[in-house]
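Labels run A, B and C following the written order; every chain starts at residue 1.
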Amino acid sequence: MNIPEDNTVQSRIELYFDRLWPINRSITGPGFRESLDILGEIIPTERLRFETGRKVFDWTVPKEWVAHDAYFVDPEGRRHAEFKVSNLHLMGYSVPFKGTLTLAELHPHLYSLPDMPDAIPYVTSYYRENWGFSLSHNELQTLPDGDYEIYIDTELFPGVVEIGEAVLPGQTDEEILFSTYLCHPSLANNELSGPLVMAFLYECIKNMPSRRYTYRFVMSTETIGTICYLSKRGEHLKNHLVAGYVMTCLGDRGQFTYKLSRRGDSLADRAARIVLRDNAEHAIVPFIPRGSDEKQYCSPGFNLPVGSLMRTRYGHYPEYHTSLDNKTFISFDALAGSVDTYFSIVKALEANLVWESRVQHCTPQLGPRGLFPSVSHASVAKSRVSLEEKLTAMLWFLNLADGQHDLLDIADISGCRLDLLTEVVQKVLATGLIKVVENAA
Amino acid sequence: MNIPEDNTVQSRIELYFDRLWPINRSITGPGFRESLDILGEIIPTERLRFETGRKVFDWTVPKEWVAHDAYFVDPEGRRHAEFKVSNLHLMGYSVPFKGTLTLAELHPHLYSLPDMPDAIPYVTSYYRENWGFSLSHNELQTLPDGDYEIYIDTELFPGVVEIGEAVLPGQTDEEILFSTYLCHPSLANNELSGPLVMAFLYECIKNMPSRRYTYRFVMSTETIGTICYLSKRGEHLKNHLVAGYVMTCLGDRGQFTYKLSRRGDSLADRAARIVLRDNAEHAIVPFIPRGSDEKQYCSPGFNLPVGSLMRTRYGHYPEYHTSLDNKTFISFDALAGSVDTYFSIVKALEANLVWESRVQHCTPQLGPRGLFPSVSHASVAKSRVSLEEKLTAMLWFLNLADGQHDLLDIADISGCRLDLLTEVVQKVLATGLIKVVENAA
Amino acid sequence: MNIPEDNTVQSRIELYFDRLWPINRSITGPGFRESLDILGEIIPTERLRFETGRKVFDWTVPKEWVAHDAYFVDPEGRRHAEFKVSNLHLMGYSVPFKGTLTLAELHPHLYSLPDMPDAIPYVTSYYRENWGFSLSHNELQTLPDGDYEIYIDTELFPGVVEIGEAVLPGQTDEEILFSTYLCHPSLANNELSGPLVMAFLYECIKNMPSRRYTYRFVMSTETIGTICYLSKRGEHLKNHLVAGYVMTCLGDRGQFTYKLSRRGDSLADRAARIVLRDNAEHAIVPFIPRGSDEKQYCSPGFNLPVGSLMRTRYGHYPEYHTSLDNKTFISFDALAGSVDTYFSIVKALEANLVWESRVQHCTPQLGPRGLFPSVSHASVAKSRVSLEEKLTAMLWFLNLADGQHDLLDIADISGCRLDLLTEVVQKVLATGLIKVVENAA
């Protein structure tokens, strides 16, 4: 392993990105396992395995798939769509095939994007036996008539869907879940960004001096992996999960987008809303049962408090699911920023206690406790804006420290920044004026 | 009866319009009965009768009224305000009167619209004995001084208020009500449009292969008739009515206006909202206890789920209650469109079941059930927009087929068109994946 | 006492303003008492006294303070910051001090406003022993180097915080509270306006022929006085208070601002909202636990239904807490208008009954009761707009006179002006059609 020139999160993420990029991942197979191993240097995961043929809710675990090589040769002897050049050239889960076809016979097996003639689309066929090649539309159009030699050296065999799971225990058995998926081949934003952000977020949480919540991290494969996972952990999560997030599309240069959970006002939603409100241009979008694994977590039988913090959403940027979603498209600053924002959410959740002031009747006296300047006059007030903001935050906090409102409520009602409120809590706590009533959940 | 040149709804409505137009209708009397008989060719009605003098809630059934002839003669021997030229010339419920008056004495009995000098206003005095003439302001201003001969040949005598009622039974005894009024003389939008739309809507509902709900149709007279009706059917409706609509002002060229029921979120309101959202430029206006018979249905003691789908509201077009509300003012396309829109509401109500998917945990597998293309790639996705919309509708439906949401809820939450959702339901139902939980009401 | 040239409220307020203006008020002491006595000519108050050293919730009653004289003399013999010229020159609660200081030593005791170089700021130090002078920044900058003679002749001694309280009893023991504070020296809007408006509002309420509610008036000192007051009356108010208002900043020329109670939808809030909606350009601002005594009334242990109707809020005008908040800044028309608006709220509260019509099923018949013109036609309708408005108000009232809605609800739902509804209630009441169900609270 290379040593990064500097030790910033950005360069460390880039190093892992470069190692993971070339691997041919899919929903099963060696590429997925190898990728888990590499990320395991930061986030060591237990492996959950689900054998081919196993019934998981409405689904059946598919065969395992390995691709060794694939291409086709045109009548003039030129190779096209070489898997070894780009793993996107081969349709995911292509069955083995060798033979000679005319261009007309080959054509239904070729995928391209006429609107994006330089891009190779990402195509899969997990649940219907098929084979195919993706290539740029420019290349497709150069193919001469005649006979083509097809060479697809893949294997489909009984194996396992595998999931990496890590848990960082906290003081309570209430849990926060982070879930991402590692089943895409050489694609950058969707999806190496999610696993990379998860790994470095894991590191941040692991290094916290204490944790109130237990944190659960899931590196799954989209849809089938998460369905497997929920068949094993679903009931546990129904009993313990207080907030969860699907991590995806976190590396592009766009603003943050938070997709609400199906409940719309879960703790996951409330924490994300306040953190984004305080910190960044962003959009909040409603739940929709399309997209990524949130549709499994938010299926009606689970209806878990799981939202998704992304940057630009899947399907909302043209590079999505094409060869243009590559290292150039993403930004390592954006990835590091995504780690930061997710960690801010973690801190918001950890700070989200319900407080009760020992003085409920009339305002507490701030001056003698060192919480308020005893001289008040307009000149002072006018010059120290931030003092004003702090005082406002303190008065709001004390007014709502009534055993009924958690800190996210207070941030929401007051409009005060959560970090300011958190600072106020520490200051007031040191005076003995407040006590915790209970955890919010 | 003439045979229309074509057999479109438009021409059939026009034929009935032309037959009904000249009849002098009022809240009682032969014109009302004759109009019910004509419409009875399409919507045969039972007649409910309430005798003069009968107490109905706070009201008393008035005498029956017949007008035979009326006019007045000016000093130069010219006849004015001839009832036989326009039944609007005679104030509704004018008592009989013959005599000679000076212009000054006559003047308090004359009604005109200075702002609309060509129009004859529609004037009535049901509950205070009086007589009067309406005429154009232009004509009013030409009247010379001198003695006028007044001739009003009317009769007021003990009789009945009569109401036409039709019921189309369904599988359940939950009811949908349509209510209109037939008590206006030669006026087109307000009000021959309501009875005409009701008649043709009745035909549509009668022809449905099956009906979940029982449909009740009421051709009443405004206010007193509907109060009589509620004195007889009010308790029944409190127990069985799930949605109802007052049909009025449905023939002008304006966009649809839906006036909410007093409850504001009744099933009537929800169905109308979604149908209008999907189909037409429209306005939703709040309940107000003015207007037409909705103020009886929505009086506090009943508070029934009754709204009103109109085009341009009574009082919001200058022709309202004048001789300018005539055949020229209305459009037979608009009338046919009103039938269609009401029928869309009926179909929305019929389709409004609560479904439960047999797969509640994680998404159901769509591919093997023929509900989802197994190959997904961007080029396909980009070209088939409607496929995307259908898939979205299907995923929303399955996510919310949780035994908690009726189909109108799903249309509302998802933003998907109701017809698309209805189509999805049929497709999914055929696979055996869903079952009905209960009727929504 | 001078006799005003005319006897308008404006001139009477001005007369009292002129007498109160020069008095050096503080949170304790003879100036406060003298001011209560003067206002007592209009609003006679009982005095509640809280001795120095007494614990009131989290606070301790401070010593009483009297200022006799204060100034300092510059090296050239000129006197500055003379208390007898303006009581703002002396920091409130300055301890006695006599001595010689260099300018550098004096400087930390001098307060000015660099951004408003002509203004003398209002500065206090109630809870930390200190002394100081306020002066204009212009004057501050002329002070030469050298030795200064400081002369502060004040006394701090065990005494009392004193509160004036008046009660106007009504038919019920449900109470409306008005609270203001009289602890500021020569400042006009904040705060002689509140006590002046309270005094004249008291007069209006005293002169009402009957009162449903009991009215309580509190002339307090900000913060400590109100905390003392709540220590005595808090439990009583929790049991009896239905609406309350903190009266402050009521004399400037700005539009009204209503600050909601912590509850946000208390009766106090609802009445103020409707009165302001009907009568004036205004702003509604959310509760915030800063500002004036509403933060005591709305502390979590009390959470009383207390809002605050102001004109321009404290801190939102530059003259606030400076010598520029003087007679020129305020308007006696504005003060009289503030009395009117508060009295409108009182009338709204008094009228806020829950009515039930004896006719719940269908509309009552208006004509025979003289509540509706029996001839309806467009020419009448078009010419008498206000008749239409009255009819709308009547129909709304009768529709919502269902024993469930109080009059403020009806004003809110219908959009009808409250005074129109009140007029309608009187008219309908005279016919015997309605009865009171219960008081709203």
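Operating definition for what follows: a residue touches a chain if its C-beta (ideal position, glycine included) is under 8 Å from a C-beta of that chain, and two chains touch if they have at least 3 such contacts.
The shown structure was predicted, so the numbers you read here are calculated from the model rather than taken from an experiment.
A.B. asks: Examine where the copies subunit B and subunit C touch and state whether the two sides share over half of their residue numbers (same) or under half (different).
C.D. replies: Under half shared, hence different.
A.B. asks: Quick check for you: after a Cα superposition of subunit A on subunit B, what is the rotation angle, between 0 and 180°, in steps of 5?
C.D. replies: Answer in degrees: 120, to the nearest 5.
A.B. asks: Can you work out the whole-Å distance between the CA centroids of subunit B and subunit C?
C.D. replies: 54
A.B. asks: What residues in subunit C touch two or more of the other chains?
C.D. replies: Counting only residues that touch two or more other chains, subunit C contributes none.
A.B. asks: Any idea which subunit B residues touch subunit A in the complex?
C.D. replies: 357, 359-365, 367-368, 374-379, 381-382, 391-392, 395-396, 398-402, 404, 414
A.B. asks: List the residues on subunit C that touch subunit A in their complex, please.
C.D. replies: Per the touch definition, subunit C meets subunit A at residues 56-59, 111-115, 121-128, 130, 132, 134, 223, 226-227, 230-231, 234, 262, 288-290, 295-296, 298-302, 315, 320-322.
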